[in-house]
Each structure stands twice: as C-alpha cells, then as structure tokens.
C-alpha cells in the first residue's frame, strides 16, 4: 500500500521539481513548485505527519507561493527575461558538467544514505503527528523556539516593510 | 623602577612631543634632544651602579602583568644586556643630533625616534619571553615608519622588506615561545614565561631542542643578519635616513645577537652545540661573502651595509665558539660594530647631505677640501677593519681566538675576512677621499660643521677608548659570560671523557693535551731535511 | 729606576704626532718641525737612559718588563699593555730612535716646501711610535699593534701625495699585502695561545722547549705562520711586490720605513721568536731558502731598474733576504747585525738619493742623471761610502755583517745557501755601483733646464752622520775573535737556546705518548769554528764585491755602450726588468678573479639568487593573489558553485 | 526487506534528490525568482527527511523542526521578495548575471 | 483533553537579555512611529536597551544555568558573548547615527533591526538546541539581509543584499540538511543529548552523522565567511552601508562562532578525529585565500573583508582546538577584534562624504600629515589587526595560538603565523599610503563627535586589551 503510493508520489515530486528548474517561464516554475509542494504534503501524510502536511499546504502552497506569484506579476516577468538555461554552447557544456556533478553528488549521498539500517518504521502511537501531540510538544519542550520564531517573523516583517516601502524617505 | 623609568622616558618624551605644535620645530628638536640626553645620562648612572661581580639580574623588577597567564613585567639588566642598553641610549642621542637638519615632518620623526628607543631598550631589559616578544615586534613599527617616510627613493620597498623579513622570522619564534611556555607548564607545573625560570628549568630532548632552536634561530638570524637572510639589510640601510641606518646597524642588528645569547644558548645548550658547525660555516660564508660583495659596491651605504654582514659574521662566530673568549669577543664586537659602523653611516650621511648622492664614483679627492671629515672617516674605517689599537681589533681578535679553540680551519677562514676588509674599506677610502678632486660638484663642499662633529667625535673617542682600554666595558659582562659559558658547556650533557683536560685553559675548547699533542707531533714528524745537513 | 722611563719612549712621538696632527696647521712649520724632531730626539735620549738603567740591572737579569695597564682579556686570556726591555729590544730601540731622529731632521729639510708639512710629520711621528711599540711590546698582541700600526702609517705615508693615483694604489697595495701577512701572524698568535695559554714573549719562549716537540707539526705550523707574517712585513717572496711600489712616498719615508725600520720588523720578529724557530728545522730551512731566493731575485731585478729609488728598494728586499738567510741558518746575531748596519747604510743611501732627487727637482730616472758628483759633493761622498758598505768592502760595516751571514750560511747551513748569498753579494756590488756610476759619474744627462745643486745643510748633516755610522757600524761584531763580538755577547740572553734540553723534553713527550723519538744525536755534535775557513771566506767575499764593482765599472764607465748591447732583445732581460711579471701574475691570478667573482656574487648570487628568491616568493604570492581574485567574479551563481564544489570536496575528504 | 514498507533510505533518497535538484536549480538558473524557488525546493527536501526520521524513530522534534523551517521559509520569502522588489526599482531586471557591480 | 501545564524549565530570568532587548527593539519601532522627526531618542533607547541587556545577562546565578529543557544555557561563554554583542551593537549604533544622517537612512527600523539582530545573536550564543541555533541564525541573517540592502537607492547596496540573501538562503539549506541528518542519526536536536549519543558511538562512524557534520560545517562556514564559502563576504562588505559592514564583521560573526564552537566543541568532541581534518583544511584555506584576496585590494572595505576571512581562518583554529582555553581565546579574540574593527570602520566612515565614500586606499594618501592623530589611530588599529604587540590583536592571537599549541596543533599554528606574516603586507599597505605617499585629494573630513567617540573607544580598547589584558583574560577564561 505504502509502496504503491510512495513511489509514484516521489516520482511526481521529482518531476515537478525538475520542472521548476527547467521551465523557461517563471510562472511555469511557480506552478510546478506548487505541484511539488502538494506532492510533498502527500508524502507527509504517508508518513503520518498530518499536522505538517496541512501546514505544508497552507503555508507553502498557499501563502508562500501566492507571494511568489504576486511578485512575479508585480515585476511583470515575461518568458523572455530568462532565456532558459541552454542558450549557448558554453552553457551547454557547463550544464552537462553540472548535471554530471549533480548525479555524482546524488550517487555519493545515496551511497551514504543507503547505509542507514532503519528500514522498518517504529511502531507509532496513534497520537503521532496529530495537532494535539505536536502542539503539546511545541508548547512544552519547544516553547522557546516557538516564541523566538515570533521575533523572527517580526524582524522579517519589519525588514520587508523597510525594503519594499514605496517612497524613499 | 628606575630601570623602567629610564626605559620608558623616551616614550613619554614622544607623548609630550605629540602635544607640541607642529610648527615649533626648534622646541620639538630641543625637547627630543633633552629627553635623549637625559636618558643617556640616566643609563650611565645605571652603568656606574652596576655590580660587575655577579651574573645576576640587576635593577630588576618583577610585577605581575598578565596574571592569568603567569606573565610578569619582569625586567633587569645583566652584563650581557647592560652595554647594549647603554649603547642604545647613546646612539639615540647621537641620532637625534644627527637628524637635526631633517625638514620633513620633524615632529613625527622625533616621535618615531623616541618610541623606537623605548622599543629597543625594552628588548634588552625584558626578562619575560612574552614581554621580550612584545618589545621585539613593537620596535619594528617605528623603524618601519622611519625607513618608509624619511628614506630614499625606494624606501617603501625597503621598509616593507625589512618589516616582512623580520616579522616572518619572529613569528616562528612566537610558536616556539608558546611551545616552551606550555612545556614548562607541563613539566614544572608553573605557568610562566620568565626567562630566568625557563633557563633554569627547561629540559627538552635533543630532537625537540633542535626544532625550537631553529625557530629562535630564524628570528635572530634574520635580524643579525646571517648569510642567506641578509638581503633586507642592504636595502634597508641604503634607503633609511642617516640616523635610521645608525640605529639599524647599531642596535637593531644587535638584538639578533643578543637573542642568541639570551635564548638560543642557555635554553638549548645541546642543540646549540650540535649546530655549531652550521653556524660557523654560515658565519664564515657571511664574513667572506659580505666582504667580497662589499668590495664591488658602488654605493657607499651599501658597502657599509655589506660590511655589516661581514662584521656580524664575526659576532656570530664568537657566540658559537661557546667559550668565554668568543662570547666576550662577540659582545665587545657588538658594541664595536655599533660604534664604528654607526660612525661610518653618520659620515656617509654627511656627504649625502651635501651632495645627495652616495655613489662612490661621484666622489674623489675629498681629503683636500674636507680634512676633518677625512680624519674622522679614516678612523672609523680603520676601526672597521680592525686595526689594533682601535676597538674593532679587540673584538675580532677575541672572537677569532675563541673560534680557534674550537677549530683552526674555521679561524683561518674567518681571519681571511680581515684581509678582505682591508681591501674593500681602503679601496673605497681611496676612491672617495684620495685622488684628484675631479668632480666639479664636489669643489664647493664644506667640511663637517660643529653639529656633525658633535655626532662623530664621541664615537671616535670610543673607538680609541675601547681599542686601548676596553676593560671598563669588558668587565661588565665578564661574570655574566662566565655564567653563560658554564651553562652551555658541552660537559653538561656529554659523557665525561677520561683523558679530558689537565690543560690549564679553555673550558670547552677542543683542548690539546700534552698526550694528544705528542701523538700529533709524532704522526707528522718532519722528514729529515736534506738541506739541513750536507 | 731609569727603566721606569721605558713607557715614555713610544709616548713622546705619539704626543708629537697628536699635537702636529691636530694643531699643525695653526702652529706653523717651524714649530711642527721642532715638535717632531724634538719628540724623536727626546725618545732617543730616553732610550739611552733606559739603556743605562738596563746596564745597572743585577747580574743574571736580562730583561725588564713594565706593564702599563692590562689591555684586555676574556676568560683566562689576558693581555697586558706592557713593555719589555731586553738586549734585542734595546738594539732595535736605538736603531729606531737613532736613525729615526736623523731622518726626521733630514725630512724637515726635504719636505719644507710641502703645504701638508704637518700632516707628514704627524704620520711620521706616529710611525715612530708604532714602530717602538712593535719592538718594545712584551707580547705578541702588543707587537701586533705596532705591526699593523706601522703598516697603517706606511699606508698613509706612501699615499702622502694622495692626488696621485699611483701613490694611492701603492699605499693600498702595501696595506693589503701586509694584511695577508698579518692574517698569518694573527693565526700564529692564536695558535700560540692555544698551545701555551699565554702570549707573553718571555713565557712563551720559556715554555716552548717543554711544550713543543722538536720538529713537530705544531711548532712548524706556528713558525710557518709567523714567517708568512714576516714575509709580508719584510717584503720577502711571495709578498715582496708592495715594497718597490712603496717608493711613491716621499724619500724620507722610504728611508725610515721602507729601509731602516719597518721592513726589518719581520727579521726582528723571527729573532724574537728564535726559540720557536729553532725548534722547527723545516721552517728554518724554508726561512733560509726564501731569504736566499729573495736576495738573489731582488738583486737581479735591481740590476735592471732605472728608477733610483726602485733600485734601492730592490736592494732593500735583497738585503732583508740576507737577514732571513741568516735567521734561517740559526745565525740570529748575524741577522740583527746586518739589520743594524743595513739600517745605517741603506738609510744613508735613501737619504742620499733623496738629496739627489731634491737637487734635480724631483727627477728619479737614472738615465736622466749622471755627472752629479761635482754638483753635490757631500751627497756623493756619503753615498759612495754607503755603497761601499753595502757592497761589502772592508772595513766598512756592510762587509762584516754580510760576511758573517755568508759564513754562517756555509757553516750552519749548506753550500746552496752560501751560493745564493755569494751570488747576491756579487749582484749587489754590481747594481749598487751601477747606480753610483749612472748617477754621479759620467756625462750629465740631466735636463738642461734643471740646475743641480747640493742640498741644504739640514739634509746633508744627517747624511754625514749616517755615512759615519755605516763606516764604523761593523765594530759591533768583529769576526774571527769570538770574544770580541760585542753584538753577539749582548744578544746572547735573547738568542740563547738549549737544544739539548729541548730535545730531551721532546723525547720525553714522545715517550709518554708511546712513541719513539727519532735519533737526534747528530744535531748535538758541536760545530767547530774553523778560523781558516772563516778567513778564507772573508777574502773570498771581499773579492766577490770587488768583482762586482769592477763589472759595474766596465759596463757603465769604461764601455757605456755595453749594457745596451747585452740587454737588447734578450727575453731574459725583459723578464727581469719587468720584475719577472710577478705583479702581473698576482693581478691576473688573484686580484682580478676576486673582483670579478665578487661582482658575480653580488649581481648573480645576491641580487638574483638570494634576493631573487625572496622577491620571487613575494611575486609568486602576488601572482596567486591576482589569479585568486578572478575567482571572485561577482556572479552569484559562481559563488554558489564554489560552495557546492566545497561541499563535494569536503564530502570526498570525509569519506 | 519487508515488502510492505518503504525503507527509510528511500525517503531519504527522495529528500536528497530534491535537494540536489534544488542545488542544480540555483546553479543553472539566472532568473532570481527561479533561483529563489530552487532554494525553497531545498528547504522542502529537508522537511521530508525530518518527517521521515520522526516517522521511523517515533519522535516529534522533527515535526517541530519542520514547522520552524516553514516559519523561516516564510520569513525568508518575505524578505527575499522585498529585496528583489527594492532591487528591481533601481535596476529593472531579474537576471542574476547582471548584478555584477561588486566583484574582485 | 488534559490541560497543558507550563513546563518547569521555563526560566525567564535566564532569558532576561532576550526579553529586555526584544522589548526595547519594539519600543524603538513604536517610538519611531510616533516620535516625530527627532531621532535622538531612538539612539538613546537603543543604547539603554543594550546596556540593560548586558546588565540583565548577569541576572542569572549561578552559572552555568540550563533552562527550557536544556535548550538554553547561561554560561561563561554566552555571558561574555552577550557583552561582545551589546558592545558591538552599541558601537554600530553610535557609528550609524551620523552616517545615517549623511546617507539618508531612516534610523527607526534600522536601529530596531540591529537590536533584533542582537537578539538573534544572543540566542545563537546561548542556544544548545539545534532548532534554536537554526532560528538564531535565521534571525541574524534576515536582519542582516535587510540591513545590507537598507540603502534602497544604492545599487551596490541592493546588489549586496541580493547576493547575501540568495547565498545565505542557499547556505541555510545546507545547514538545515546537516542538522536534519544529525537529528536523524542521533535522534535529538539537543546538543547535550547529541553529545551523549556520539560519546557512546565513539569513533565508530555513522555515515549519516558524518555527512551531517559536513553539511553543518558548510552552513557555519558560510556564516563565518570561511573559504570556500566566503565568496559573498567581500561583495557584501563592500556594498553594505559602512556601519553595517562593521557590525557584520563583528557581531554576527562572533555569534556564528559562538554557535560553531558550541556545536563542535560541546556536541561532537567525540567525533573530533573526523571533523578536525575538514576544519583544518577550511582554516588553512581561509587564512590563505583571505590573505591572497586582500593583498591586491585597493578598496579598503574589500580589503577588510578579505582580512576578516583570514581572521575567520584563525578563529576556526579555536573550534578545532575545542578546549575551554580555546573558547576563552575565542572570546578574547572576538572582543579585541570588535574594538579594532569598529575603530577602523569609524575612520573609514569619517573619510567618506555624502556621495563619495573614499574607500580607495589612495584616498588615504598623506593622511598622516593632515590628521596625524587619525592616522596614528588607524596605524594602531591596523597593527592590532595584523597582530603586532602591544595591541589587542597580538594578545588575541597569542591566546589563540597558545590554546592551539597546548593541544599540539603546532603545524597549524606555524601555517597560521606564516599567514599572518603575509597579512602584514596589506595592512602595511594602508600605512604606506597614509604615511609615505603624498596627498592626492584634499581631505574634507567632518570630525563628527559620535564617530570620533567610537574611534576613541576602539583605540582605547585596542590599547587597553593589548597592554593590560589581564582582567579581561581573567574574565574570558573559564
């Protein structure tokens, strides 16, 4: 069951991720990204992290990607702005090199990752991944990060405002 | 406390100068001179109160500085450092006078000079490795500025070269210092960088000693400078202003030899002993090479600079004779070199001020128009080639005597430097002072004026004083040197040999006992000479 | 009590020198002359007083030492600034102060026209002072002060006319060549200290037979080194080339320094160290051989020179060769004897030549002289007397001393040494009379514009005195009657050497070392002084001298065309006239290569090699720096790429 | 290997693959926004690993962590996009290679 | 559903500096909003806030105190670092006042961001949980991105911000991945627990963990600007407003090192054989390439950026050494470095004017004779950076090297000293321009008081730490 869902989902995510990278239009990239994120949400569900899966949809696919799209529209980016990554011979060569490099890294990392012996999941309690469970952990063990995150967001907000303010004063 | 005062007096003088207005050059110069003279007189007072009979540190003061590291403000003078100390104040004074005519940024110049003085004095009094290193590096800064700002056309190149050369060497020394610091801490449980304590307690195996020795060696050898590390010297000397050259030759180079005496020998006696041949050959090469290269120089200052390489070769040779003759000779030769080379630089400065050139070929026949100058130059030059009766000889002879005890061949090779010295100095002297006064530019040159005489005459007096009656100088370091020699004696770490030594003299020299002598004699018994008997 | 005055002897000229040097220009020439001569004469008188004091010493005490102050020392090495008065010193002291005073007086006249009069006398006095230090020092180092001091003064005096390049070159050459000798001397001193632990003459000489093995390596090395030192100072092969050039100096200088005193310092030193030399038969042979060779060689060169002073210079070299020949065969008295007489007649000859030069306004070429006899009678007479003395005509002083040298070279040496001595004597007689004939006899070849005149009294008086001394000087050592040899008796305490006990010590030492001593018995066989042989030799040498004179007469009076005929186109003559090309040889083989090598060292090794390495390192860093900069391209993606590459590299390093 | 469950390493491998794709995106694209998106891919990839570790070891810190990552990603996006906007005002382009004033 | 109880480990006293500073930062924002045009009050509030922060940091007794489930620690290291942070932030604010007026930067958000950044730094220095470290780094980074780009009208500032942001986010990805893998292989994000696990694991290497370490090194390496993750720093240093550059090269760097040191010295000492080599390579490369880059620079800010890269190389030595002595030396080094850096940047700011920053070295020609004291200060500060006695930089290097030597890292130290010899060259170059070249352009220097004040503090601090370092060393050593 898990197998059946996982591999297609994984394939879907990878393809869409590649789509993000190799799409000529930024809008297309953004759409691919949204797709990929939704796919990931599926994987989270598969991993029984429901809370995170929801957050993934809401925050990432919802908020963040909307912001992306918004900026793309704001800057009025068209297809021609970034003429794609294979436009010159030099780039082709470099791209192949990069691709080879990437596959190399992946191979190496895979080598490392496959050395992990944790193949069977632990027997999970029912509460695993639920909002209640996560919430409790968040407000007891990780209360400090939680609070600190607010400072982070505040700072980011101030920063974004400072930078994106319209008038220079 | 007094010693601290004397050491830092120039520094405070410099601080005071900072607040003088730039325009009042007269006041600035007078203040600087007053400070320098006062400092010299105070250091003389130190000398007169110095107890010759002991090797112990005197006027010492030991207060905690960085307590958490066990680093103390520990200062003191012993016989080895006393004269260098006094010479530093003396040459500072001379240099302030010699710089009287400097027009460019006189205030900054005097400040640099006085700060430099404190830096140098600090090197000689520091009895804490850390403190030593602090002063050792610190004095680079004012010297760098002096060469770089008031120097000749290639001053920037020369000053950077000077700075980097010295710095590279001393940084490795820093590593060694750190190593020693922790080693001492480990072995004795005392966290200290106190030189005296380390001298007494440092005990490292030979292999390590060699490494540490090399680290110290590099720092000091560059400073001295020994043969392959000498190339900064000609450049720095040539580009430095007159007073800078004097200080450089008179004091800065001595810091290297001082370092060998203060650190390399007492800390690593065995390694020092092992490295004697290397040092000896480097020194000999330095002596001969310096002399040969000096011979063909076209620039007066460069010639004197290369002669310094040669002279310092003698000093090094003396130090590594590891016997009292050599070391005492080296110490007095240190002073001598400061005096005679200092005088030569001052004198070269005199013609440079008038002609703005130092090329030998530009001169000739100066003896005719500048008799006073010629006499002074002659005396300084002869002292530099070690004419007996002048200071150079006393040092050179003792050094050679010392090294002869160790190895006759070395002594012979080194002595050949004496011949070459005569060649380059006399040849130069001839081309500058003698011959016809051909160059029309030279005709109007004035003889030395009062101020210039004041700078040179004390040095001339010292040349003869040390040459004829060096006792007041030499007795100051007698006790210290004997102590040092007993410390580095190979007997301390070499298994005693049975047939070693009923001969009456020389403690570590390669003694020839009557037995050995006899066998030697016999082995090379002269063949019956056919001519001897008909 | 009088001996306490010893230290004043060198002090007077020193003070004179200082006064003249510093204030000479202000006080005027007369005062300078008075101070200079006065100090020398004062010093001479003091020497007389010291001599008297010495005579009053109790029986058995043959030396007096006066330590003025302790000069310097280190460890157990210490050297005093001390003087020693012993018979040898006294002899030398008298020569230096006596002849010195006379020449000073002469110089007042000779140098009178010079602007730098004061400078000359300052140097001159300084020289006298240094020379006195040399002969009076009680240890090797004090002697070395004098030794180098005289060299230095000689340098200044040769280069007195410093505007002349040849004079400067000659001065420098003299100094440097001397330094070569000094180098060896210094090594010898160090070696001596190494062996004896002291460098006091008396202690060293006393200990030498006990510490050194007869004929051993050590003593041979020491004495060889000392002898090299002596060859430098005394202008012997191979270091003689500076002396003829030194004639660039004013004539009084040549007379005092390069004839009478300084150049004989080497002989003095050898005699002073006679004990050491006697212990080394090999060195002795070398000394004698070098001395003999130099005597002959210099004499041959002397025959061919035309510069009056150069002839005398070569003659000096040759005569000093004699002295070394004497030393080499162990006849130290003869050496000193010849030294003394030589001082007299050679000083007289030089001063005479100076008088001639003075009289014809600076001309030194003998080919432009001739017939001066009538113009300068006093000069001629004194010159002739001295020439006879040097040629060895009895009963002038030179005859006795030279004869003694020849006698000993045969008896104590061998026939070869004697042969050398005799041939040198023959040549000496020849070239000296050639000189006399060319200068004073025959047709005048003087430039017509020049009117030769006799020198003033102040110059001729010294000539007369010296000629007188040259005449009677031989009385110091009358041959044949051994009890009558004043000089020998006088010097006996210094040159006394007990060979037998020295050999015994040596044997003992060798024995201790477990070695067998060679048989030395033949050395101890007494030598018999055969009166007959001595007389025969005297006659023979007189005959040789006369032959030489006759030859010169034939060549230069009777048949003035002969020399031309004989010498024309002869390569041998060219060789000799060009001084065997030794100067050129040295120049090509030593001086030039050294300078070239130095230039090479500087330009190639120092500037390009060592400094090149340093600058090269800096340049390399600079190069790297410039190229490393290009990595910093400003493109974000490049930066990211670098991070990834870094990541991969770290991963590879890790795994 | 149990047939029924996906091994942890496969999740990790998925995560790594996406991560590398993100890297490649950063390296090859010149459009600022796309580069930025690639970085988001990387962050997401990490989240997979975090959650899968949680899942396989029965932990919850990973989920908290990924929660924080999202939080950070949001903050970064806001600031990043603000930077891009402010930059776009001065220089209307999103081609990264044209931002090359500061170099060497 | 049972109520969630407040965990016992919440310790607000320990957290006091964070709270105080956050409050003051927000106060700045609010006051800026309502305070009208006079911005002096903002400066005052910020400075008071920083002062209060420093004081409140010492409220917790005894130390070390662990709180929030061991994810927050108050110990010697963190206290000292908090002092460094507050000092550097205060100096930045002082430097900025006049600079901002000159360059027209709105002080309100600016100060707030600096204070927020400081909060992040404090968290970073006190955190003992990887999540906290991650958040701390992000707070700091985000504030810095904004601060870098705060001169919105300036293309360079924009570009710098963009570069910094993109690369920073990229590096965050690596850092995060590294943390994840470590979490995965040890099962915890808490440094102490990780330390326990790795202790048990010993040298037996878990490839996942090792790769996590590599990635972690990349993340931290980026933050401290070490080669080959340094490429952003010269560009960003150059483009950012000068006070921000000064700030960036001190505060955040110190914070990054605090975390770097804490993670590697406290969580992974057992694994040290495997990461020591990597860090050594990075350290050596940093020193080397930092120096190489600086040698040819003519722009003083870029030169300082490269020099700070080589300094990072030195500081990584402290991480490699990982003893408590190394920690102390790190503290001392950072303190000395902050004084020196602020002094230098103060002078750099003084020399600039509106519209022309005068950042080229040749603009410094002849400074010594127009403004001798200024030049002397610069000389002192540069020599301190070069590590010459008797200035603070020397003591710092001495401290650092001695810690390394004690651990037997002799070779590394030798490489370091040789590199510092190379570094002399470019520091001397500035001095050459000031002292040995003739004046080229006229100096129109407005000696503004606050900037001067910062310079004076920098110089005094440099001298004080150099000549009388004892008390500070005593404080730093734990």
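The chains carry the letters A, B, C, D and E, assigned in the order they are written, with residues numbered from 1 in each.
Going forward, a contact is a pair of C-beta atoms (placed from the backbone, for glycine too) under 8 Å apart; a residue touches a chain by one contact, two chains touch by 3 or more.
Note that the structure is predicted; figures quoted are calculated from it, not measured.
Visitor: When you check each chain against chain B and chain D, which touch both of them?
Guide: Shared contacts of chain B and chain D: C, E.
Visitor: With respect to inter-chain C-beta contacts, which pair, C-E or C-D, contains the greater number?
Guide: C-E
Visitor: By Cα centroids, which chain is closest to the centre of the whole protein?
Guide: Located nearest the centre of all protein C-alpha atoms is chain B.
Visitor: Among the chains here, which has the CA centroid at the largest distance from chain C's centroid?
Guide: A
Visitor: Which chain maximises the distance between its CA centroid and that of chain B?
Guide: Relative to chain B, the chain with the farthest C-alpha centre is A.
Visitor: For chain B and chain E, what's the span in angstrom between their mean Cα positions?
Guide: Distance between chain centres, rounded to whole Å: 44 Å.
Visitor: What whole-Å value do you get for the distance between chain B and chain C if each is reduced to the mean of its CA atoms?
Guide: Those two chain centres are 36 Å apart.
Visitor: Counting in whole Å, what is the centre-to-centre distance of chain A and chain C, each centre being its mean C-alpha position?
Guide: Averaging C-alpha atoms per chain gives centres 102 Å apart.
Visitor: Hey, how far is the Cα centre of chain A from the one of chain B, in Å?
Guide: Chain centroid spacing, chain A to chain B, equals 71 Å.
Visitor: Chain A: which residues touch two or more other chains?
Guide: Within chain A, the residues that touch at least two other chains are 105, 109, 112-113, 116, 141-142, 145, 149, 152, 155-156, 159-163.
Visitor: Which residues of chain E are in contact with two or more other chains?
Guide: 131, 135, 138, 142, 145-146, 149, 152-153, 161-163, 166, 170, 184, 207, 210-211, 234-235 - these are the residues of chain E that touch more than one other chain.
Visitor: Among all residues of chain B, which ones touch two or more of the remaining chains?
Guide: 164
Visitor: On the basis of the stated criterion, which chains touch which? Give every pair.
Guide: Once each pair is checked, the touching ones are A-C, A-D, A-E, B-C, B-E, C-D, C-E, D-E.
Visitor: Spell out the part of chain B that touches chain C in their complex, as residue ranges.
Guide: Residues of chain B touching chain C: 161, 164-165, 228, 230-232, 289, 292-293, 295-297, 323-325, 327-329, 332, 365, 367-368, 375, 382, 387-389, 393-394, 397-398, 400-402, 404-405, 408, 411-412, 415-416, 418-419, 422-423, 426-427, 430, 433-437, 468-471, 474, 478, 481-482, 485, 503-507, 509, 512, 514-515, 517-526, 529, 531-534.
Visitor: Spell out the part of chain E that touches chain D in their complex, as residue ranges.
Guide: 130-131, 134-135, 138, 142, 145-146, 149, 152-156, 158-163, 165-166, 169-170, 172-173, 176-177, 179-181, 183-184, 187-189, 234-236, 238-239, 302
Visitor: Please output the residues of chain C touching chain D within their complex, sorted ascending.
Guide: Checking each residue of chain C against chain D gives 629-630, 632-637, 640-641, 644.
Visitor: Quick check on the complex: what are the chain A residues that touch chain E?
Guide: 109, 112-113, 115-116, 132, 135-136, 139-145, 148-149, 151-152, 154-156, 158-163, 165, 168-169
Visitor: Under the definition above, what is the set of chain D residues touching chain E in their complex?
Guide: Within the complex, chain D contacts chain E at residues 12, 19, 22, 26, 32, 35-36, 39, 42-43, 45-46, 49-50, 53, 57, 59, 61-62, 64-65, 68-69, 72, 75-76, 79-80, 82-84, 86-87, 89-91, 96, 99, 101-104.
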